[in-house]
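To start, the structure itself, in structure tokens.
Chain lettering (A, B and C) follows the sequence in which the chains are written, and residue indices restart at 1 in each chain.
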Amino acid sequence: MSWTRPVLPWSFALAGAFLVTGLVWGFFFTPDDFRQGSTVKIIYLHVPSALMAINAWIMMLVASLVWVVRRHHVSALAARAAAPVGVVMTLIALFTGGIWGQPMWGTYWAWDPRLTSFLILFLFYLGYIALWEAIEDSDTAADLTAVLCIVGSIFAILSRYAVHFWNQGLHQGSSLSLDAEQNVADVFYYPLLVCIAGFILLFIALVLMRTRTEIRARRIKALQARGRHA
Amino acid sequence: MLHVSNLGCARGGVAVLNAVSFDLTAGQALVLRGPNGIGKTTLLRTLAGLQPALCGDVTMPEDSAAYASHADGIKTALTVTENLTFWAAVYGLKLTPDVLDRFDLADLRDRQGGTLSAGQKRRLGLARLAVIGRKILFLDEPTVSLDTGSVAMFARWLQNDHLGQGGIAIIATHIDLGIDAPALDLTPFKSAPGTGGGSDEAFL
Amino acid sequence: MIALLKRDLALALRAGGGFGLGLAFFLIVVVLVPFGVGPEADILSRIAPGILWVGALLAALLSLDRIFALDFEDGSLALLATSPLPLEAAGMVKAAAHWITTGLPLTLAAPLFGFLLHMQSTAYPYLLISLLIGTPALSMIGTFGAALTVGLRRGGLLLSLLVLPLYVPTLLFGAEAVRRGAAGLDATSALVLQAGITAGCFAILPFATAAVLRINLR
């Protein structure tokens, strides 16, 4: 807890600096794409948020494993703290994807494998958060959500491949997804990197702040328990 | 046969008992005493392996213990005989008819669990202990809702057929069972506040 | 293990509704769909595989919270946990009992309901096979979900929220197999993948179920 106190304002400041730089650079100082026009610029929100939506879940999985193996209390709280951040990232990715999809594909939503996988990921986040909220005893909640996170990860990966299989079956060979990372040229690429760094820093800052809040809440509970006990 | 040393246990993340130690050999029983909330149930559940101990050691022969809680685990849609046969089968045994007589259940053998009175259900729950053939019993308030006659009947079974056959019993109860067993008051083992590391304590 | 299976089946039969309720729900879903989408036979026959699979899935979901709730309330779950029967085995047996009382009747009734929805005749064998290998996975996943929420007073809704995302792969492969069958295509790959998922569920989830039950019994 002690080392995070000085880190926290810096991570927020750095996240802000990177995001402002990356977004201003990306929105105003890059040329329009020859096929997509200016709509391509939503990439600076869409790709980093999608990346962080997945990374947040991976971080939760790692934290859950650490909790199960080492019983390190802070890791359970960090997993809990990351979940709402992850769900917001997933929502940002879905919404910006829809906004980007409308001019490009003529629709806000399609049952494309990638989009569908993200919708399923969103459901996994919801279940995970709901389970945390439903259980009163905090150690029990940490244990149960850790197991759910581990089992859920396996099923999330399965779902991803299942969705690819399913959609192939629907419309053979055609794919709506534009693989952005392979297509972008350097002019788009560097501001994108800056934006990704900004999102990563923002995620770290938010998770740190939320974890600190959780730790404080648990301290209060411990002190109250002591008070009752005495 | 049952060796408990320096055991600490917690309820709801708060340490309640500390440094509980005792030894029991075949044929001995121990009666747990203490005010409500002192941790009798918690201690029994910890001994039965339902919850982890905070610290300390419990040693006993493998596959020898059984636990009986406040709830009897009786299925209301099954008959008395079916309930007992099921538990016997789970422990790899067969139901012997004399158990029904000993717990005064012979007349009720084909009644469904749901039609029994509270006291009759309790007798059925206790008869389970005679059916599963375990040497070490952890009994949590076994005499709740029993009349005096049934209490005496249960005490007789415990004394003659369980302890007399080399069994061990740890019993949390507020009444005098009339069996030959020392009492252990848990009050001195109460955890001091802030010691023993309950789950929230880790954050202080 | 056999004793527990026999007890659970006897309980499901005697308590009444264990068998009937899921089936009745399945029938109602199948009957309501034409009211919603219209009576045209070609539309119904197109969506029949999906309706049947989603209906079976929801019907299986209906009885999940009863898998452990009653045993938890009357104390037999704690007694089982301290018995020589490993909780892993108990979880597997519970899933098996749930499958026999819901999954199996649903599988057997599904072709009948397919008839109501004008399903293509080539799809029937695939419907039967995919439900036969898919519904055990639904029961096992549901048992895990039921174990997760067993200690909660109003766990029913949460249980659905937790379990439904886990059902996605089974549903996708199952419905895909039937759809390919209806289109006259070969659906072996979908069935093989679905069987793999079912096998994986039974390999992993009994352990997760037992771990979660132990946590909830603390």
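The working rule: a contact is a pair of C-beta atoms (placed from the backbone, for glycine too) under 8 Å apart; a residue touches a chain by one contact, two chains touch by 3 or more.
These numbers were taken from a predicted model, which means no experiment stands behind them.
Colleague: What chain is most central when centres are computed from CA atoms?
Modeller: C
Colleague: If you average the Cα atoms per chain, which one ends up farthest from chain A?
Modeller: So the chain farthest away from chain A turns out to be B.
Colleague: Return the distance between the CA-based centres of chain A and chain B, expressed in whole Å.
Modeller: The computed centroid separation for chain A versus chain B comes out at 49 Å.
Colleague: Which integer distance in Å separates the CA centroid of chain B from that of chain C?
Modeller: Between these chains, centre-to-centre, one finds 37 Å.
Colleague: Can you check how far apart chain A and chain C are, centre to centre, with Cα atoms defining each centre and the answer in Å?
Modeller: 31
Colleague: Can you pull out the residues of chain C that are in contact with at least two other chains?
Modeller: 218
Colleague: Where in chain B do residues touch two or more other chains at once?
Modeller: Residues of chain B touching two or more partner chains: there are none.
Colleague: Touching residues of chain C toward chain B in the complex: what are they?
Modeller: Touch residues, chain C against chain B: 2-4, 6-7, 10-11, 14-15, 71, 73-76, 78-85, 217-218.
Colleague: Which part of chain B faces chain C closely enough to touch in the complex?
Modeller: 48-52, 63, 65-78, 82, 85-87, 89-92, 128, 132
Colleague: In the complex formed with chain A, which residues of chain B make contact?
Modeller: Residues of chain B touching chain A: 12-14, 191, 193-194, 198-204.
Colleague: Can you name the residues of chain A that touch chain C in the complex?
Modeller: 120, 123-124, 126-127, 130-131, 134-135, 140, 143-144, 147-148, 150-152, 154-156, 158-159, 161-163, 165-166, 169
Colleague: Give the list of chain A residues in touch with chain B in this complex.
Modeller: 73, 137-139, 215, 218-219, 221-223, 225-226, 229-230
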